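Consider the two complexes below, in which subunit A is the common component and subunit B and subunit C are the respective partners.
This part shows the complex of A and B:
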């Protein structure tokens, strides 16, 4: 899966996780998940599960702190997909 | 300085026990004591505004009690006795008594030692300072975003740099609620306080501990003299199933045994407790399914704010001392 494909797929994940508070105009690799996209902690947990389902990967634990931006999340998914 | 039952000489600080407290004065010689108000026994009790620096004989000063004299040590700094006596006389008739800030002990210390202090008030103050404070405030988030500045300025910039309008408002009003909470609980004025960010990017002040949480429509702030974490949630009903992933194995077992009707409350309680615990830990990563809440002292309750019933948890040393101030109106 290319980085562009991951980026596009992730947009849907974040949209679902942020719900009505989602602001698509802020979506790019530098966007901060909380301060730009409006995700709260429950939303991030929801994302973790959605990413697992969308990308067929498994997080060792549902810890937050590994990714703060959309770019970090893509890096993480790319790394997991390559394993 | 120590207290002894010895005869005083002019310029000495004297005291007498009346009930649980001591009444203080300055012996100025010739059987005379100058004091800020007579001993506060019932028949002489006056309003603070009526109390004045007065003179009496030793017998009146004592009210039947036993005289104690302050015996100075070499290291104690005191005024020359004649200076003390002269100062006491110039202050006769002076008013402005305050049990907290300007009482008979403050007067005696100032005249004899040159320093205004009250060991009795310090004792009371320290007693209260050691009492656990666990105050939590909640407020609905107003629709508008005023441009009134937040203090410190770096926090203001940080909040206004938020790209997401909703999050910006949440952060803005959370800091406003913090300002309110610090004043109401401790009497601290935020502009007079020092704030800095720690290595994890979390705001701190040397004056006390605080923690902040926000949902889409409400903010919560906890303040304490001990490390404290707070979390408020309850609006993401659609995502509640995801919270099962945040449970430890033991909690998941407990959850599976619950009636259907009790499960949502359980998940919100565990989630908010875990987040509040995480906020008290100096760790870079929040792994909710690795936090056993039973290993920490937390308290969870339902609170009504912004017209919604939300779940609120605090993690701190004495959560049972929690005082809630709900639905504060922010402007």
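This part shows the complex of A and C:
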């Protein structure tokens, strides 16, 4: 799966997770998950569960809070998919 | 006759009784359901009988450390069977379980050990690092690992129902969290109230995802499960909750609205009922329940029952057994609730109320009037006796996740920055917003071109250091000072509406 494909797939996840506060114009790799995408702690939990399901990966014991941006999340997914 | 008698059969209703104390409730459960599974945790099935043996060993270990009835004992353990065992051991010894949320830092753990005069701290190895400071600075504090055990026989103590039982934290208005002291009677009345409104309340299968240090997790989830011979599956990591559901097949869950909404959205995104076909009931509360959740869950065959509670009232104040009929109501008052509505605000008295905030005379003064506890919640009752929450008077933000945060507590963290003059935190559309007014004299002296960028980076650093539920989602840097009262107090509402 290419980085662009992951980015596109992730967009749906973030949109569902952030709900009505989601602002598509702010979605790029540098977007901060909390302050740009407006994810609260439950929104972040949503992302972890949905990403595991969509990409067939398992997060290790990293809090999702360890990722600051969309780019960090994509890096992690790429790493897990390559394993 | 209680209105809740209409929502179950006569026999079940008769089995829902008041217990004097935790010892009496627990003894009766072990006698009635010895071989039923009480807990499923970390791959282990633990029966009521086996759990009681573990509780006895921990109770004896505490007694050997000199703990007696009335002593304050900190419990610093994440959700696990060890938490349940320790909580029961402390409270059946007649001691007071001070429940410290696992996200507390080392300084706060030490601070709590002093403020609540803890005689001992029972901790989990996973949190040991955060206890070292308290152990070093407070030599009177007995440190006890949650694996402690002794074969000595120390029977459960039948303390007076008015004896203190547990301390739970809740958001404060003066900038710090407060510790609400609940008696044995209050906790047992809360537990009893939790049994109402469901046709089959005994022998259920609960999946626990809420923190046990939160009143909703402790009372409506853990204690109601234990007093009804039900099984509680402890989900160790919420990201695994749907995998746990697939394995355990729970029949009931206690959820905050944000989690109920999350499960619904995931079900929509993946095109299947993520809660599983066995799930029949969701108990939902701790913050405002959006009425659409009731109707959406009904389509999946799940009854979502909304309720209303407070830490200060051992959780349950009212519950709505007719959620489809009146989805925006939090239901009927439970029996024995004394209440009055003063200028729209709900005031409370009664057997499930706390005995005050420990060591906070100013908070107690503000919270009570003529012996009535002022809830800070604005309410109305309809002609059929259904209760509705219409707003809040208190300066406490209840997040959709059910966490109560005191804005002042977190504003202080941002205001500690030398480049920040003042800050204000409020909730808007479910998000936390921070407004800051920079301290120009300091900021202008800093040798960077992008002053606002510098300020925002500093704010981000503080934000990242906060517990995830308390992080702000949006930062507004003000160009003019806050709107203030004549006494220079920042006016919350006016500034929230004026984002300059």
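Here, the second predicted complex is superposed on the first by the 81 of 83 C-alpha atoms of A that agree within 3 Å, B and C clash if a C-alpha of one lies under 4 Å from a C-alpha of the other, contacts with A are read in each partner's own complex, and residues count from 1 in each chain.
We adopt the following convention: contacts are C-beta pairs under 8 Å (C-beta built on N, C-alpha and C of every residue); 3 or more make two chains touch, one makes a residue touch a chain.
What you see is a predicted model; the values in this text were computed from it and never measured.
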Which superposed partner A:45 touches (first subunit B, second subunit C, both, neither): both
Subunit B versus subunit C as contact partner of A:66, first or second or both or neither: first
Partner chain in contact with A:53 - subunit B first, subunit C second, else both or neither: second
Partner chain in contact with A:31 - subunit B first, subunit C second, else both or neither: first
Subunit A positions touched by subunit B in one structure and by subunit C in the second: 19, 21, 32, 34-35, 38, 40-42, 45-46, 48-49, 63, 65
Subunit C-touching residues of subunit A, taken from the complex the two chains share: 12-13, 16, 19-21, 32, 34-35, 38-42, 44-46, 48-50, 52-53, 59, 63, 65, 68
Subunit B-facing residues of subunit A, complex: 17, 19, 21, 23, 26, 31-32, 34-38, 40-43, 45-46, 48-49, 61-66
Of subunit B, residues touching subunit A in the complex: 161-168, 171, 214-216, 231, 233, 236, 238-239, 242-243, 245-246, 271, 275, 284-290
Contact footprint of subunit A on subunit C as seen in their complex: 238-239, 241-242, 258-259, 261-262, 265-266, 268-270, 399-401, 403, 429-432, 460, 463-464, 468-469, 471-475
